[in-house]
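Below: one structure in structure tokens.
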């Protein structure tokens, strides 16, 4: 069977990882990436001889408005234009800056290319607001999908997990989020926690994906770069009690949830980053979210727990799922996510 | 009526503020402070000509083990020994390092002096684990009281407030705490969030003070110095719904809760510190906790909200309450807290 | 003799402290402050009943474009317009946002009011680029003065000090600067050091004030809020050797340089902030810069040392000096700075 | 020719990278690593099936005092004891915690194994205090070498580079250092800069390696994790002037100095970490130091510049050099460093 041909628009923090993710899928082909300027990420490709035209892994195409001479001056090979890239693929992964994806969609429509947008775009850009585990089937055969954002993606893994195992009625979340990525100089926070108005958009987004669960929450920005921590209070349907053991059993079975303890050395968000580097993972990334077993406590009939979200890489698996759904590569969540997991090496870790 | 004579053991972050707080109470007299070494805090007193023997505001006594010559070398006047201080007072406020208070208690008992311990001591050091609003009457006439810690003190203000207005059954909290005080060099955290094992001690302490409310929670350390943020999910008794308006009305009436909005400029924990400095408050301190009105959201029948805890100063009012209770200066929470509030200028702010 | 009448334009971080500084000068009168919006700083004045019209300390005037109704809604008394304030004063201290001062100057000229601009304006706005210790006499009787910025002000205190004692030929500096003020949410940096292109503007500015000294330097931003640290390598004229003792002796005599050691507890920038709070200084401010005696080392004939700059308050004394020079209140640096020091309580600290 | 057999004692931040480095050398064999407890780093090896006995890359040996059962419980294969490892190698790289290396040396001596110690040990542990570029020949054939620490290693690359090109008399440095590594929870600093007493040990160490150059300096700790920044002021011998072009030309030729500009996007220390991740470098590491071309400024006859030190990985190349010198694999600095550079891929980057 022919490989599904995939392009990536926007080679930033997410775009780099989407390209890596596609390159790992045995049944997909990374046709190329598109960007506007010779950023550090593009220069790194060049230094690795990884961009260009001659059978190199990540051929580089330029979006409208790009200054070709800036690339030439740095001896960075260019494979063509954005439209040329689009015309060669079955599906585009759009990780352009927020708002640009909506404009790109006009091109995708004109060229009859499917597209999967990242969380920065408005929901209206897509036919389906998608999560690989929670609503895979809704995306099957659709043309335009939008992924949930990093926090929502990781959060829903656990909420969907409990919901399928036990049945949930509502969740209340506190998001303790990182304010910048490592290497960011265009945003930051110094010695301050910052409040967002409640409810957080992640809670609202969760209800869009899982309309039968009521959700609300509060988000606080913190001056760190290595991932978010979310606390979740989950209430079961029909007044049912959720015990610590019930929750733990469900979480431990989920391939994209890595359950850990503080005693093992996972003392906080930065431990996961350290561990991913220790593993030698490319870019120090991790696809799984973390879940602290020693954070799980019962609150009356409800259950409370804390998770870690690796913001740079967490949405990559669900985006691969989205390609599978949109392209009808697999028709069910079980098959689609299993295939993604196999190619990304998810689930291989052992307790 | 004679003023109640008060001493302070340990002139650190809390001890300095206790001394200031006592000095503001019209019906109390600050007899002196006691410490071990010529710390920056003691040197600051010296620079201000505020320590010493001749009618100066904060006479300095030395605890056992202090090196008198170190004080002499810096020309810092010393008024006497710790036991001499104890023998001149009705009640000692003990803000010694954790564990030292328990040893000091032997002296207090021998000299027949009452004492109020800070949150760092074990509960067993005291007859009553005390909070000015939640259980004032339990402290009346008692000899040894222990204050709740900073987070618990602020948290209980809001939980007791809702409980008296509506009736609560349980709370689940997420504590996003500062890891060091401004100027601390002996502890810190850099670009990391750190998990504690659940449940947090603050939830457990809350249940000791308010045994009819079930509480649990998760605590995360963050690399900031200006105060904690706590999110609270509160469930009413008997399945009753708590509306946003009900909660807001109760919070707005509480003298030690300052309700604010992000639109006014209270964007996070650091805004409160800035505002206290703008007010010209001594040390940039604030006695009230902050509560964001735009954080209050309904979760089914439950209510969720976020508060700010100024860790250095929040326990001062409740400690003044404790003196009033222990010394039977006022016999009810209404009278005791009102008197404290009057002298500390709490409740004067206007919306 | 009639007091010199002073107004303050822009009641932000610097403006608040300028107003406080003027209010402390026995021979000046704070006529009023001007601002655009009901910021937290203005709300704090209101909460303290310190703004308004009836003999209150800091009457508030509104600049062009201010929405009067926003102040009325908060019950904040307004004393009049910016032009009305200007017409009542002898000299305006302009701490408006960068660039606004140049526009305000048109009003000052029209109304015949002198003005002193802060470091954010271009040098061309003023007749003299001013430093109280380095070139006081140049400012005497002038109409428009511009102050050096916070780092340059503190740096020049030490360079001028060595220059007068020993004679300097050149300096090379490394500025390790704070990236935001406490409470700032509009700028920040998270887990990153940031380079500026060399040479730093502070070195260039130093040469404008002290043209006989060659200066260059490198500036690095760091994610902290409590003050800068600058290292200085100073070379004497004519190949003369500067010993550690020579430098120390000069620094210790300077009223606006506070010499400290790490052993005393001044472990870094945050220790000064802690100490200022311990002193009970308004807003936790300090007018002196810090100089670590145990940072002074000889490098061949040169001397190297490190200083601390309290960015929020360090320019206040030199601005008071500037008023004295511009208004010919004192005609020499010795008299002018001594008068400022007396009213601000500078120089009273004892080793 | 038989490969040189190498073992690594201590599999922490440095030890992991030493093992990776040795594994990349075509003329060396990594015989095994030794550690005490099943840390996250060891667990990561286990998860990767990389430790053990049967031809796996990083066989794990246990040091004295290790609890074998803790490894068994986690199903982590153990290849033997520390002494068994030592008996199989030609040279041990000792990256044990500070002080342990001195104890290990007794074993090395008894078994006749050469050893190379990291910067945490005292100089007296070794025969030679070593730097691959500055004094390679001194290490040739020696039994016990000690590497310079991370800052000193990177600093000396540039000082030796200028010294060989121009001839240096003295340097004065300001070290702006990171306070913790990513993932560290046992040390940290929050919203504070911290002073060390001058002179910094790095300046003193530089003089030990390069006794003809006078060096002094000041060190300031900053709350970041991704590398140090050092500013250097260098003075040539005999009053010779060093121009910007002379310095730039020398730096650009050095294989282990990566010259960059802020305009390219290298805005600070964190940009190098980002770039190394973008390159896909294992662990996000970089062997080269960074040098900002737009930081180079002239100060009279002297030259000033700023460099970036990637603290986790910078000493790896010089440690490989040390093996080559100690084992007489190459007899000159040119040959030794060239071989290291070839195997580590250093020098391949293109401007």
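Every chain is named by a letter (A, B, C and D) in the order it is written, and numbering of its residues begins at 1.
As a working rule, a contact is a pair of C-beta atoms (placed from the backbone, for glycine too) under 8 Å apart; a residue touches a chain by one contact, two chains touch by 3 or more.
What you see is a predicted model; the values in this text were computed from it and never measured.
K.L.:
Determine which of the two chain pairs, C-D or A-D, is joined by the larger number of C-beta pairs in contact.
P.N.:
It is C-D, judged by the count of C-beta pairs in contact.
K.L.:
Per the centroid of Cα atoms for each chain, what is the distance between chain C and chain D, given in Å?
P.N.:
Centres of chain C and chain D (C-alpha means) sit 43 Å apart.
K.L.:
Starting from the mean Cα coordinates of chain A and chain C, work out the distance between those two points in Å.
P.N.:
Computed from C-alpha means, the inter-chain centre distance equals 48 Å.
K.L.:
Measuring from the mean C-alpha position of chain A to the mean C-alpha position of chain D, what distance in angstrom results?
P.N.:
35
K.L.:
Considering chain C alone, which of its residues make contact with at least two other chains?
P.N.:
Correct list: 182-185, 190-192, 194, 223-226, 266-268, 270.
K.L.:
What graph shape do the protein chains here make by touch: line, ring, star, complete or other?
P.N.:
Contact pattern: complete, every chain touching every other.
K.L.:
State the interface residues of chain B toward chain D in the complex, per the touch definition above.
P.N.:
Within the complex, chain B touches chain D at residues 179-180, 182-185, 187-192, 194, 223-225.
K.L.:
Please name which positions on chain C make contact with chain D in the complex.
P.N.:
169-170, 172, 174, 176, 191-199, 214, 216-218, 220-226, 229, 231, 233, 235, 262, 266-270, 292, 294-300, 302, 304-306
K.L.:
Looking at the complex, which residues from chain B come into contact with chain C?
P.N.:
16, 39-41, 43-48, 75, 182-185, 190-191, 226, 264-268, 270-271, 273-275, 277-280, 282-284, 348-350
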